[in-house]
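Labels run A, B, C and D following the written order; every chain starts at residue 1.
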Amino acid sequence: MKIIEMVRRFLLIDLLEGMWVTFRHQNPSDLVTEQYPMNRPEISDRFRGQPRLVKDENGKLLCTACGACALACPEKLIKVGSLRDPETKKKVLTDFDFDLGRCMFCGLCEEACPSNALNLSSGYELALYTREGLELGKDQLENGIQGKVYDK
Amino acid sequence: MPEVPDGNPPNPVPAQAATTPAAAPAAAPKPVPQPWDCELVQQLKNSYGSGIHDAATFAGQNYLVVDRAVCHDVLLYLYQQLGYTSLTDLTAVHYPKDELPFEMVWILFSMAANERVRVKARFADEESAPTVTDRWVGANWMEREVYDMFGIRFTGHPDLRRILMPDEWTGHPLRKDYDPHKQDEVWVRKNLGIESGQ
Amino acid sequence: MIQSILQYLHSDVTPGVAGNLFWVVVYVLLVFAGISVGVIFMNWFERKIMAHMQVRMGPMRVGPHGLLQPIADALKLIIKEDLMPANADKIVFWFAPVCVVMTAFCGFIVVPFGPTHAITDMNIGVLFMLGVSSLGVLGVIMAGWASNSHYPLMGSLRSGAQMVSYEIAMSMTVVSAVMMTSMATGTGTLSMIGIVQAQLQQHTWFAFSFFPVGLTALGVFSIAMVAETNRAPFDLPEAESELVAGFLTEYSGFRWSLFFLAEYAGMIAVSSIATTLWLGGWLRPFPNLLGGKNWDTAFSLVPGITFVALAALCLFYFTRMPSIRAMRADARGLAAFGGVLGVIGIVMLLPGVRVRVQDIYWFTLKVGFFMYLYIWYRTTFPRYRFDQLMKIGWKVLLPISIGVVIMTALIGVRQELLALVWR
Amino acid sequence: MSDNRFYDSPIEEVAPGNTFLDSNELVLNMGPQHPSTHGVLRVILKLDGEKVNGIECVIGYLHRGIEKVAEHRTWAQFGPFVDRLDYTAAVSNSLGYCLAVEKLLGVEVPKRAQYLRVILTELCRLASHQVWLGTHVLDIGAVTPLFYAFRDREDILNVFEKYCGARLTTHAFRIGGCRWDAYAGFAEQVLHICDDLGPKIDEYRDLITGNRIWLQRTKNVGVISAEDCIAYGITGPVLRGSGVEWDLRKKQPYSSYEDFDFDIPIGTAGDTFDRYVVRVEEMHQSIRIIRQATEGLMEGPIIAKVPKVIKPPVGEVYVSIEAPKGELGFFLVSNGSAMPYRVRVRPPSFINLQALEKMAKGSLVADVVAIIGTLDIVLGEVDR
C-alpha cells in the first residue's frame, strides 16, 4: 500500500487525476451557461417579481382598496388611495403607489390581500434609468412597466 | 380567470392555495413562567442567598435572575462547579422605564448535560458590568457589541471599543430612546459628505 | 541594394548571419508582429479553453464566438485612462513596463522558427535567451518598488525570489541538453539552430535521448518555466486572492497591457526554448524514419490542409448559426473569417510557400502544446504557498536537475568509462 | 472603521508620516475591498516579511441594524429581514426565526410542514456549503471548483424558486408552518438532485482532495484545539473539525430531525483540511436526510392555526438551530404587543470570526486567506 502511494506520488497521479477532470469538462455538451437575452430562464409559477394589480374577466380591478397590503408591508412602501362611492357605499380605488425601489419582494402584501388582487408576477426585467421610475403608480401596476425594448 | 392585457401576466392563483390552511392541531396553551427548582438552584441559593432573585422556567427554558453584585461569581460558579463550560450568547435588553434599565443576559450551555441556562442581571444606566472575558475569550466581541449598541461598559475588558458602528459615532443605537431614523448627523456629514444617511 | 536583398533569398542562413540589414529589419518586424498577434490569440484561446473547462462559454459577444474580444480588450486598454499613483516614483514607474517588454521580446532574436527563420543565429544562443529572459524580473521589481504601495512591493519581492531560485534549476537542465548536442559530432553547441540540427543528426528529440534523463530534464524545465513566468500554480507574485494583483495592482490602461504582453511573450519565449531544446524545434515528426521525397511533400501539405480544414469548420458553423437578426453580423463575420483562413490555407499549399512555411507550423504547434499546458495548469491547480514554492525550487527541482546533468555526463561518456573499467 | 483606528490600534507602532520602510514590520490593510475577504471584512495584518505577527479584524461595514429594525416591525413582518443575515443560507435563518416565535407562541407545527422545512433547510445547507467550497478553493487559488459548485447549486436554487418564488432571499417559511405546499413534481426534483449530487461531490474530490498542492496548503494550517473552540464559543463545522461531536440537529433535535438517520462527521486535527473534509461529508449526510424526509413526506396540513395578528405572551425565549455556519440562535423578548421588544441574533459567523486572530497568528499571508475561507463567514451575518 505504501509503495503504491509512493509510486502515485512520484508519477504525479494525484495531479493528473485533477487535470483529467478539467479536461473532460471541455465537452461542449457540459456547458451550463445561457446567453441571456436570447435564451431566457424558465420562471416558476410562484415567482415573486414585478407587482401587478389583477383584473377580472370584465377588465375590472379586483382590488377593494382595503389597505391590507399597505399594513402588511414591512417597508411600508404601499400607499392605497380610495374614495367612497356615494351610491354603492363601497370604497373605490383611486390611487395605488408602490415604491419598487424599496421593495424586497417578500410577498407579504400578496399574502395579506383578501381578494387576490395584488400579485407579484413573473416579470423580472425591472431595471430603469431613474429611481423615480421605480415609484409605480396605479397605471403601471395595471398595465405593467412600459420600458424601452432594446434590440441588437 | 383574471387577465392582464400585456407585459408579464400575473402568476396563477393556485400558488396561494395554502393561505387557507386545513385543520391543524389545536394550539397548545400559552406558556407562562413556572418556578424552577432543582439541585442546581439550591446549590446556588445556598452559596449566594439573596443574590439569586428568581429562578424560573419559561417555555421549557430555565433562567436565573441574579443580583448585579454577584452575577460574575454566579457565572463563574456555573462554569467551575456545574459544568456550564460554553458561553453561547451574551446580550442586553433595555427597559428605559425601570429603575435599573439595562438587563444583561448571559446564555450558558453545558455540553455534558446538554442544558442551557440564562442568567440575567439588571444594571443602572452609566453603570459598568463585570466582564466575562477572563473566563470565555469569545465574550470579547460580544461585550464590545453590547457596549457599542447599549453603552454598557465592562470593567476589565481588554479592548473595549465600538465594533459595528464607526468609532466616533455618538449614541448607542439599540437603546429604546434611540429613534430608528436618528443618526449621528455630524459624523455622516464629515465622513460621507452627505446631509443624511437615510 | 536590391540585388543584395534578392540574393539573400537564395542563401540558407539567417539574415543576421548573412549580415543583410534589410532582411533583419523585416524579420524583426515580422517576429514582433507575429508574437503580438500570438499573444492576442493566446488570450482568446486561454479565455475560451478555461471557460470550457469550467463549463461556461467564455467570450461570446464580440464577433463570432468572441473572436474579436482580445482586439476589443486591447483597444479598451489603450483608450483607458492611464493612472499613476501620486506617491509613485514616476521615472521608475514609467520605465518598469518598458523594461519588461524589452526583455521579453529581446529573447526572440535567437529563437529559430525554422533553419533560416530566425533573426540571427548566435553561437551563445541559449545563454543569451536565458540571460535576457531572466532580466525581466528587474522590471517586475521596479514596478513593485515604484508603485509605493504594499501589495505591489510584496508581489515584486516574491517575484524576485521566485525567479532567481527557479532560474538555477532551469539552467541546469539546459546544460544537460547542451551536453547532449555533443554526442554525434563530439563538439557541442549553444546555438539554438545548432541544437535542433544536432537532434536531426542524432535521429531523436533530446526529450527521448538517454531515456529517462531527457524526459526528466524536460519535466523539470517545464515546471521551472511555469514558475519563471509567474503562472499558476506558481502565480504568487500576482496571487489574486492574496495580493489583489501583486505588482500589477497600481498599473492600469496601456501600461498594464504592456505587462500583459510581456507575460505572454515570456511564456512563448520559454516554451520556445523547451521546444528547441527537447522537442526538436521546427523539425516535423519523424524526419528520418519517414524520410524521402514523398514523405517530405506529404508533411509539407499539412499546414495548408489544417487551415483549409479550419476554414471548412468556420463555414460549417456559419450554416448552423441561428438565422435571427441579432446574430446576422456574427454569422457574416464567421463566414468572412472562414474565407480568410481558406485563402491562407490555399496560399500555404503552393509549392514555393509550403516548404518555407511548414517549419513555422511545426514549431508553433509544439509551442502551442506548452501553451495549452499553461492554461490547463491554471484551471486545475490551487496555488502554492511561498515557503512551499521555495521548497520545491531548492529541495526538489535543483537536486533533480543536478542529477540530470550528472547522469547526462555519465551516460555520454559511458563507452570511455566502460573502457576504463575493463582495462 | 475609520482611519484613526488604524493608527490608534495597538498593531500600529509606526508614527504617521513615516513610511513603512522605516520599520521592520509592514502593516498591510487587507480589505474591505479585497478579493478574498468574503465581503467587506477588513483585516489589518502586521507582517514581518510574509509572516503574520499581528492581526486585527475590523467589521461593521455591512451593519444595517437588523436588530433595531426588528423592534419596529411586527413579528411576521420581520420574517423577510432574517433572510438578509446569512444570505447564502436564507432558508436556515428563516427556520430559526420561525421556530423561535413558535416557541414563544407555544404553537405546534404540523408534521408535514416540519418535513418540508427539513428538506428545504438541508437543501439550503447544501447550497451554502457549495458557496463555501467554491470560494474557499478559489481563495487557495483553484478557479474551477467554484464553477462546478455553482453549477450544482443552481439546481438547488431552482427548487427554491419553484417552491417559494425566490432564489436567494427566499422568505420560505411563515410563523406556524409553511405558506406553500410542495409543488407538483417536488419530490421527484429533490430526489433527482440527491441522486445527481453525490457523484458530483466525488468529482470535487478528484479535483481537490487528493491534490498534493491542496493538501500542502490546508494540512496544519489554522489549527485550533477543541478547548479553544469552546472557549471562543465556536460552533458548527469548525467545532466539529476540531473533533467535538456536536450537532444541534442530533443533540437538541428540532423540526423532526430526530426522525432521520444521519451521522455527524468529525475531524481530528482541527486544521483547514479537516474542516474541509467535515463540510464535504456533511453534504453527503444532508443528501441522506433529504432523501429520508422526501420519501417520508406525509399528507396533512402545512400550517398551524396562528392568529392573523401575532401577539405572543410576555416572556423571552432563546431558540437555536444548526445553521450551515454553526449555531444560529434567536433570543426574542416579547412584551405582549404585536412587535418584538427585542430580537437578538446569535450569529455563528460573528463568533467564529473571532478565532481568526488565534488561528492566523504566526502563519503566512497566504494562510490568512485560507483561514478566512475555512471559517466560512458571511458578512451579512457578522455585521447584521
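Operating definition for what follows: a contact is a pair of C-beta atoms (placed from the backbone, for glycine too) under 8 Å apart; a residue touches a chain by one contact, two chains touch by 3 or more.
Being a predicted model, the structure only gives us computed values, none of them experimental.
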Longest centre-to-centre distance from subunit A, chain (CA-based): C
Central subunit by CA centre of mass proxy: D
Selected pair, greater C-beta contact count between A-D and B-D: B-D
Between subunit B and subunit D, centroid-to-centroid distance (C-alpha), Å: 20
Centre-to-centre distance between subunit D and subunit A (centres being mean Cα positions), rounded to whole Å: 25
Separation of mean Cα positions, subunit D and subunit C [Å, integer]: 45
Gap in Å, rounded to a whole number, between the CA centres of subunit B and subunit A: 35
Contacts with two or more other chains, residues of subunit A listed in rising order: 15, 18, 21-22, 25, 32, 45-47, 111, 120
Junction residues of subunit B - those touching two or more other chains: 11, 15, 19
Interface hub residues of subunit C, defined as touching at least two other chains: 53-56, 379-381
Parts of subunit D lying in touch with subunit B, wherever the complex brings them together: 1-2, 4-5, 10, 59-60, 63, 65, 67-69, 71-72, 103-108, 110, 165, 177-181, 228, 230-234, 244, 246, 251-252, 300-306, 313, 315-318, 320, 327, 329, 331, 333, 341-342, 344, 346, 350-351, 353-354, 358, 383-384
Subunit C - residues contacting subunit A, complex: 49, 52-57, 60, 322, 324-326, 376, 379-381
Residues of subunit D touching subunit C in the complex: 20, 26-29, 34-36, 50, 137-144, 146-148, 151, 207-208, 211, 213-214, 216-217, 364-367, 369
Complex contact set, residues of subunit A against subunit C: 15, 18-19, 21-23, 25-26, 28, 30-33, 35, 37-38, 151-152
Residues of subunit B touching subunit D in the complex: 11, 15, 17-19, 21-33, 58-59, 61, 63, 85-89, 91, 93-94, 105, 107, 111, 114, 116, 118, 136-142, 149, 159, 161-168, 173-174, 176, 178, 180, 191
